Each structure stands twice: as structure tokens, then as C-alpha cells.
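Heads up, there are several structures right after this.
Okay, so chain A shows up in both of these, paired with chain B first and chain C after.
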Partner chain A sequence: MEQAALRWKSIVGVMVVTAMALLVPLLPEYAVTLATSIIIYSIYVASANLLTGYTGLVSLGQAMFWGSGAYVVAILTTRGLVTNLYLIVLICLVTVVVISAFFGVLALRVKRLYFMIVTFAFGHVIWCIAMYPMQSITRGYDGIKDIARPDLGLSLSLATGTSFYYFVLVVAALCFFIFYLVIRSPFGHAIVGIRDNEHRMIALGYNTFLYKYISYVLAAVFSGIAGLLFAYFNSYVNPSELHWLWSGDALMMMFIGGIGTFWGPLWGALAYTGLRYWISSYTMYWFGIEGIIFILVVLFFRGGIAGFVMNVQKGLKWQRR
Partner chain B sequence: MELPVAISQVLNGIAFGMLLFLLAAGLSLMFGLMGIVNLAHGSYFMVGGYVGLTTLEATDSFILAIAAGAAAGALLGFLTERFFMRRVYGLHGHESILLTFALSLVLSDFSLFLWTGTPRWVQAPSFLDVSFTLLGNPYPAYRLAIILIGAIVFAGLYWFQERTLWGATVRAGVDDKEMATGLGINIPLVFTMVFCLGAFLAGFGGFVGSPILGLHIGLDIEVIMLALAVVIVGGIGSLTGCLVTCLLMGLSDTVGKVLWPSYASLTIYLVVVIVLLVKPEGLFGKRS
Partner chain C sequence: MAEALRIEHLSKFFGALGVVQNLSFSIPADQRRVVIIGPNGAGKTTLFNLISGELPASQGTIHLFGRDVTKTPCYRRTRLGLARTFQITDLFPYFTLMENLLLALQAHDPCAYGMLKSLKAYGHLYDKAEVLLKEMKLWEKRDLPIGSLSHGETRLVEILMGIAGGPKILLLDEPTAGLTRSEGVWLANMIQHLLKDVTLLIIEHDMQIAFALAERIIVLHQGAIVADGKPEEIRTNPRIKEIYLGTVS
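Coming up: the complex of A and B.
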């Protein structure tokens, strides 16, 4: 009974989200652009959510994978090294996997808050590398501009905002479907077990390091995909994509949306992007206002939007009794 | 490299390490006692520096400026602990990170609003703004003064922690909070005091360090990164361990700047990687 109700609820949820997403292109141009960025951010936040919300590893270095993905696209396309989209995606994924496989081994040697500090430091290292030693390739502070939209190789053009929106939507739907499969799989249950009680999982014979490592690399891959989409979307990439502020924003969007919930990343990205768009039109001190909003959310709104919705549902049920 | 040049580089490294110590001592004490990572700690450093600068311009007294910077740090620390952190102790841990992250965003934009984005430099006080000859090489007296100040602060903190009742109380809190509470120690008060002390030292360091590091928006992030690197490399252990780690990091930073200028900001993180590979609990950390 409970299961069936839950299934119906998630089916209705998916249908509502899909309908909303499909209707976006009826809105004005700027809204389509905003919606595209929200969907790209939600993939990024969902990847952070896999690591933090489901595996319990708080990472402050997720931007290095987002940024790496974006930079690979920027460098390859603007230099005309590789023109085939599928090859670019492949190179992008390999790069992100190599970076995360390397840093994952190091970062997972420590636990809890130390893990956060270490990922924070590694994110800073990658940012520094992009800024200074690799300046001739990444163009330092100036960033790389004029990244052309991808060519799918089919007879579809992604030049317009709407067609690119649909492209992003399809990729995002695919990513969220994979997240769904991962979370529902035995692997997904194991990482939640590790989040809740790692000692017990060790006692049950799980190689928890391996699970956390796979989760780390998987999260990195999806952040990389989001970064790749962003580079094409924005047609401009600069070091702020690698900056720890963006890693912190991932945590914040996740927190606003509802940590460890499936749709939380989407709601968080929606709220964050909407607020930023609205507030930035009034003041240059967006970061300060963002900080104040975050403080209020952490102090008074801890379950995020998903938690709020759940509480409302619980309240309704209570009344019905 | 000639010997006198090498010696002045080593002194530079030690001076930088002492500045790091002013920041990292409070950070690691908070980590050890309250189990939180305070990402706003670099903001106390930066705001302390700016408040000191404004005081210096208004009163022309370097001593008053140091006091004002340190007081501003302590006040910020007090407000952070009392009104924000107190509400998230004992939760998962990511709440405190997000909260201090958000605070650092607010303080950064607040500083941008009050002091604008133009980088500022502070002149060392006239009696220290001299250089004297060290083995035939001129060396600025101010850096030596910083080394001296760092040593005095270390000695003071060591005495406080090991020889006073207050220090014993803090140590008791680090070891076992429940037991300390059971013995009648007011742990919330200890938390507030430690927060104030750590932030006081950060604000103090922010102004004392400004003739060397300068003051600019973004300084908060630069220094918090280094202080966190100290926490990883040193581990949470003794005050002495923290000092040794800071000096090690200061020296490795200087060595990096001399040997590989374009990779200068990365040598410290090379140390971080090596320590993680060899001794993940930190050089002076206890294995948990």
C-alpha cells in the first residue's frame, strides 16, 4: 500500500517535472537561458548530492571536476584540436576520471572533516595550476571565450537557445535516470549504509573504501558532464569555474533543495539561480546576500525545500487523522 | 645561492610561518575542542587587518591599531560563536561548514563595501621600518619583530594551556566534554572563550602581518587555505606540533618561491600530498 502510493507519487512527480521542462521554450528567450543553466546546475548539484547526501562525504572540491570538464571542452574546441563532439566527451570523461582517481586515493585516506579540508585544498591546487603554471593554455584570469556550440553529427543544429535547451534536457534526463538506477541499486544501498554507519558496514564485510572511492569518481564524472554542458552553454570559461566558491555553492544548492533527496538538487538549483538572477539585478553584493540567505537556511530551514514539502505532507496527513 | 641570501630567505620563511601560527593556533584549537572547521577564520584575519588600518589612519598609532584589529577579530569570533555556531553543534558537521562558509561570504562583501577592492599596504612603524645588516646583507627589522612576536605568543599560549587553571579546563574539554561538564565545568563558556581567543589571534595576525602580506579582498581565502593545510599536515595534537608545522610550511613556501617561482603557491600542497600518503593522521596527530 505504502509502496504503491510512493510509486504513484514518484510517477506523478516525474510527469509534472517533465511537463514543466517541456513547456519552458514557450517562455521568453531569457527564461529559456535561465532554465538551461538551472538544469545544468542541477546535474552538478546532484553529483555532489551523490557524494555528500548519499555517501556522507562532505566535499568542498567538486568545482575542480566541473571546471576540468569545462576547460577540456574550451581548450579542445577553441584550438580546433578535436571537432568531434563524441571524442570531446570521451576525452573529458577520461580527464575527470584520471583526476578524481588520483585525488580520491589521497582524500579518502582521511575521514569526516579532514576529508572536507583535503578536498578543499585539492580544489585550490587545481585552481592554482589553471591560474599560473598552465596560464599559456588556460589564459589565466581572462579565461577562454568563443566556444562554439557542439555539432551532434546529426542534421540537428544546436545554435538556437531552444534547441540547445532540449539537448541539455535530454542529457540531464539521462543523468538523473542513471542517478536513479545507482541509488536504487545494491551499490546505492551500500553507500547509504556507509553514510549512516560505516563501522557496521565494515563489520558486514563491505570494502567501504572501494564503495566511497567509486562514489567519489562517479560524482566527479557527473560534475564533469555538467561542466562540459556549461562550457558549451556559456561559450566562455574562466577560473571561477574551478574556484572553491563554486564548490561551496554546490553544497548550498544541495542544502537549500534538501540534502540526500532525489529531487532536492533540482529545487536547490532552481531557487539559487532564480534568487541570483533577481538579486543581482539590484546590487553588486550578490555574494554577501547569498551568504545571508545561506545562514538563514542553515539556521532555520535545515531540511531544505524537500524537507519542507515533506513536513507539509506530514502535517496534512496528521490533520486527516 | 650565497649563504647570507639563504639565511635571509630562511628568516622570511620563519616570519611567514609565525604569521601562519597566529591563524592556525586558533583554528586547530577550535577543531580539537568543538569539532568544527571554521572557514570564517581567514575573514577575522582580513577584517582585523582592515580595522587596524583604519585605526592607524585615524590615530597614527601602530599599537592602538594592533589592539583595534585584535579586538575586531575577538568581537567577530564572539558573535559567530554566540549567535550562529551555538545552534549547530552536535549536528552532522556539514552545517558548521556551510554556516562559516556563508559567514565568510558576508564578511568578504562587507569588507568590499567598507574598504573597496583596492589593495592596501601598511607601513611598518617607523622604529621598526629599518633594515640592518645581517652578514653583509640588509634585512628588514620588521620581519624579525614578527618572529619575536610569534615566539612570544607561542610562549604565552603554552603557559596558558599547560600552567593555568583555564588552560587545564580547555584541555579537559578537548579530552572529554561530558566528563568535564560532569565535573562542573561550564563547557559552553569555554567554547565562547576559545572562539574569542582564536579570533583575537587571527585579527591580531591580520594587522601585524599586513606590512608583509598587504590587505586585499581575497586575502581571507588565501590565508584560510594555508591554515587548513597546516591542520592537515600537523594533525590535531599539541600546540608545539602546530608551531613546528607552521614553520615547516612557511619554510617550504619560501623554498618553493625561490626554486620554482611559477609553482610557488603549490609547494605547500606538495607537502600536504606527501603527508597524506605517508602519515594521513598528520605529523603530530593522534591515530583515531
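Coming up: the complex of A and C.
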């Protein structure tokens, strides 16, 4: 059934991207900025979703990879070490893969709650390193500012809000396309099997460790790419990008959007960012209201927004009969 | 004659409790249906868990087709041609019947780690699934979620999952558990019919089915072998009656 539902995703995907490409730049400047951040967050949440929603590994360490991606950009560009965007992307990917390959081996030795605690601890270690011992490079609590927008080459500048929006949209479309390929592939089928019944998967002859490991590294790569985009977008990076609270936010957006669903991350990022923007214009206690909404979603809309939409679709189909 | 399975001095302790104690037996590759019987707590399922690799052995060795697999992880043992089913049906409840079976089929396929092509693109897996499902008369139900099948049907699927990888040795842990006698007999016939070339090691509680199926019976009691032989020999063995019915002292 999950496989059948995937058939429409490519068509809907093309429509969504086209709509976003045509409509959003017509909106005022602040809305374009908001839309850019939502799309960047959705890649980040999609990575958490691959790991938690599809593979069943609850990680509190995704911010480690988001932050690593962001810091690689910040350090390289502000110090003028590397200016070529493509080289920076490559360095970023290598960094994230190396970090996740190392921590993955250790974290995946334990399961469930212990996995979560270990990823949390690793994330915190990396945060502490960025805060204190590496202060001379990361500028500690102050963070790194004035990160210039990149050049795509061929005299394509991404300095304006709209051009950068298009850049982010293309990268996100590519990420979601890869994500789509992965979850409908035999590999995707297997990781969902591991989520639902790892014991049986082992008995069937799966090297479940390797599947989880690949999924972990892949999720880290998505997070790293999102962090890289964020550093350029925000032009400022500080240690909160590495903090476990931001890992928690990924899980929260995932739950609000719909855990283990393809469009959930986009819905979640949209609702989370939109609500935060809207509520914070009324009250400074926005995070409290956010918490209440989160509790309501978990209590009454287990499938999140994506689950709600799917139920509505099912209801409509049923009525048509 | 080559041996499919060889177990030597195998023991498993949980703390001080020896659930399997110093077991030794071997199964020649041409033997087809070996049934293990024994009262509750005899260590039958633990023995299966040791053979399949889900539990590490405390002592002793296990050889599969002449290879020492005592320390080999579970998934590698399946590569050598070992598969098992579970006493308590243990499937993927959110998947359809077809998706369950595909999971079992793709495990040993070269596409198992494929990420770019859709699972649907691997037609040969669907063809294999079709053959198996039609054989078991479950083809019509292929797109139903596992949860909506009857208990008897899930027992069949449990066995299909074991067969799917084309094993050379199949460990069947109470294949007829929870079935009526007639369903059990039907299933036993099905097993014999489907698995002519597979060495079956079966745990069975129903004596009638056990004796009908077996060409050799191993009787376990308190983690040790008390009898091992042809069904006729076991039937007439006074020790067996004693174990099952108790003795008047």
C-alpha cells in the first residue's frame, strides 16, 4: 500500500515545485525569505524523517550534521580559504560523511532509547567543542557572521532573495527526488521492515546494522546540505545550530508534519515556521503555544498534517463511491 | 555422506540454568524431515535460536555444511542456506502480504541494497512471489494487510517467508501452532509437497502430525537428548511415555 501511494508522489512533486517556482517570487520580500527558510528546514526534517520515520531510529543528534555543514561554509568563506561553491559543497559532504561514519559505528551498537541518548551525547560533545576548545576558529558563542552568498559560476549570482530562493528550491527538489528514489527502492523497503520488526529482518538474512548505518550516513548528508544552505541564507552561524534543541525541533516538525510520510517534512516545516512567525507577532510566549500545538498533534493527529490530508483524500474517495 | 548440520557438545546457560546441555547430533544432507519433540521447557526453541544464531552458544560448536558457524552472525548463516520460521507469528503488520513476501525474497537478491530503481522494477521477485502465493492459494489476498488475514493464513505466510529465500535447511518452529487438527494435517502435507529438496528440522507438539511427518524423531527433555531414531523406535520407547505421562513412584 505504501508502494502504491508512492506512484502519485512524482506527479504531485513536479506540481508542487512548479507552483512554488512560479508563485512565491510574486510575493513580498519577507515572504520569499520565509519560504526559503521553510524549504531549507524541510530538507533537514526530511533527513530526520528518513532516520526516524522510515528506519525507526530516534536520533537527537541531527543538529550535529546541520551545524557541521553550516560551520564548514562559515569558516571556509569568511576566512577566504575556499571561494568556489562546488568545492565547498564537496568539502561539506566529505566532512559530514566522515563525522557520521565515525559516530554511526558507535551509536548503532545500541538500540532504541540508548541510541537516542548516545546521539544526544555526541551532539552535545560536538557543540561543546565548537563553543570552547575551537573558539579561535568558530568564535564560540558569538558565532560567525557576514557569510557572503555564493556564486554559481557563469556569472550567476545568488545575492538577491529571489535568485537564492530559486537555488534553494532546485537543491531541495533534488534532495526530495533522491529521497523519493530511496524510499521506493528495495533499500527503502528494507529499512521500513527494520523499523517494524528488526528481529525478523535479521532472521530473514538482512545485515540490519549495515542498513541502519547507510541510512544514518545518508540522513547526515541531507542534514549537512540543509545546514550548508542555511549558512548562506542566514549569513550568520552560531553554536545553537549544533545544539540538541535544534535536533529536537527536527523531531517536532516531523511529528507535526507526519512521521514516516513523504510530504510530512514539508508540511511540518511550513506549519512550524509559519506558526512561529505568526504567533511571535502577537506574544513573546510563542514557544509555549508551540508546545501546546505539539501536544495536541501527538494526542489527536498521530499522522500529523500529512496523515490528516491522507485521511481527507480517503474520505473523498469513499464519498465518490 | 555429507552433513547438513552437525552439533557437538552444544550448551546454553541462562545464568546457572542450563536450557540446552551438552547436545550432540548431526543431520545428513539427504535426510529430509527430522522432528524434534519434547515437553514444555525441553529447550526446543532455544536449540533453534542457537542453530539460527539469534542466541550465542555458551559451549560447543555448530557446523553448517561442514563450516563452523558457531560464531557466525545470524544473517550470514542464512546466506549458507539456513532459514527459520517462528512459533509465534512474527511478520510485518503494516505491510501487505505481497510486501511481506518481497522482503523475504529480496533479502538474498543482488538488489537488496539497491537505492535508485523502484522495487517494482525487479519483476523476477514478483514472479517468484506469484508462484509461492499461488501454490499456497493466497494469491487473491496479496494486497491485503497482514493484519486482516486469518490465523491459519498467517501461519502459511510464516512458512512462505521461510521458504522464500530458497533454503537448504529450514527450521520450522511449531508450524501448526494454533491450527485445528485438520488444518494442521493439510499444512503438514503442504510442507511435504513444497519442500521435497529441503532438509526440515521441525518442532512439533501434535504427536499425530509429528509421527506422520517424520523420518527421524529426536526427543528432548530438560535440555538433553533422551531418544533419537525412526518414528517406530520412538513410539515403542518406554522412556518417552515416562517423560510425557510421568511415572508412578
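Here is the rule we go by: the second predicted complex is superposed on the first by the 299 of 321 C-alpha atoms of A that agree within 3 Å, B and C clash if a C-alpha of one lies under 4 Å from a C-alpha of the other, contacts with A are read in each partner's own complex, and residues count from 1 in each chain.
Operating definition for what follows: a residue touches a chain if its C-beta (ideal position, glycine included) is under 8 Å from a C-beta of that chain, and two chains touch if they have at least 3 such contacts.
Just so it is clear, the model here is predicted, and its values are computed rather than measured.
The larger set of touched chain A residues comes from B, when the choice is between chain B and chain C. By the touch criterion defined above, A:201 lies against chain C but remains apart from chain B after alignment on the C-alpha atoms of chain A. In the superposition on chain A, contact is made by A:255 with chain B only, not with chain C. Shared-chain residue A:184: touches chain C; no touch with chain B. In the superposition on chain A, A:290 makes contact with chain B only, while chain C stays out of contact range.
By the touch criterion defined above, A:193 reaches chain C but does not reach chain B. Once the two complexes are laid over each other on the shared chain, residue contacts for A:116 go to chain B alone; chain C is not touched.
Applying the stated contact rule after C-alpha superposition, one finds that A:136 touches neither chain B nor chain C. In the superposition on chain A, A:128 contacts chain B only, with no contact to chain C. When the two complexes are laid over each other on chain A, chain A has no residue in contact with both chain B and chain C. Within the complex formed with chain B, the chain A residues making contact are 52, 58, 60, 106-107, 109-114, 116-118, 120-122, 124-125, 128-129, 132-133, 244-245, 248, 251-252, 255, 259, 285, 287-295, 298-299, 302. Interface of chain A with chain C (complex): residues 1-3, 181-182, 184-190, 192-193, 196-197, 199-208, 211, 214.
On the chain B side of its complex with chain A, the touching residues are 31, 35-37, 84, 87-88, 91, 93-95, 97-99, 101-106, 108-110, 112-113, 221, 225, 228-229, 231-232, 262-263, 265-266, 269, 272-273, 276-277, 280-281, 288. If you check the complex, the residues on chain C that touch chain A are 52, 54, 73-75, 78-79, 83-84, 86, 90-96, 99, 102-104, 106-109, 111-120, 122, 143, 145, 161, 165.
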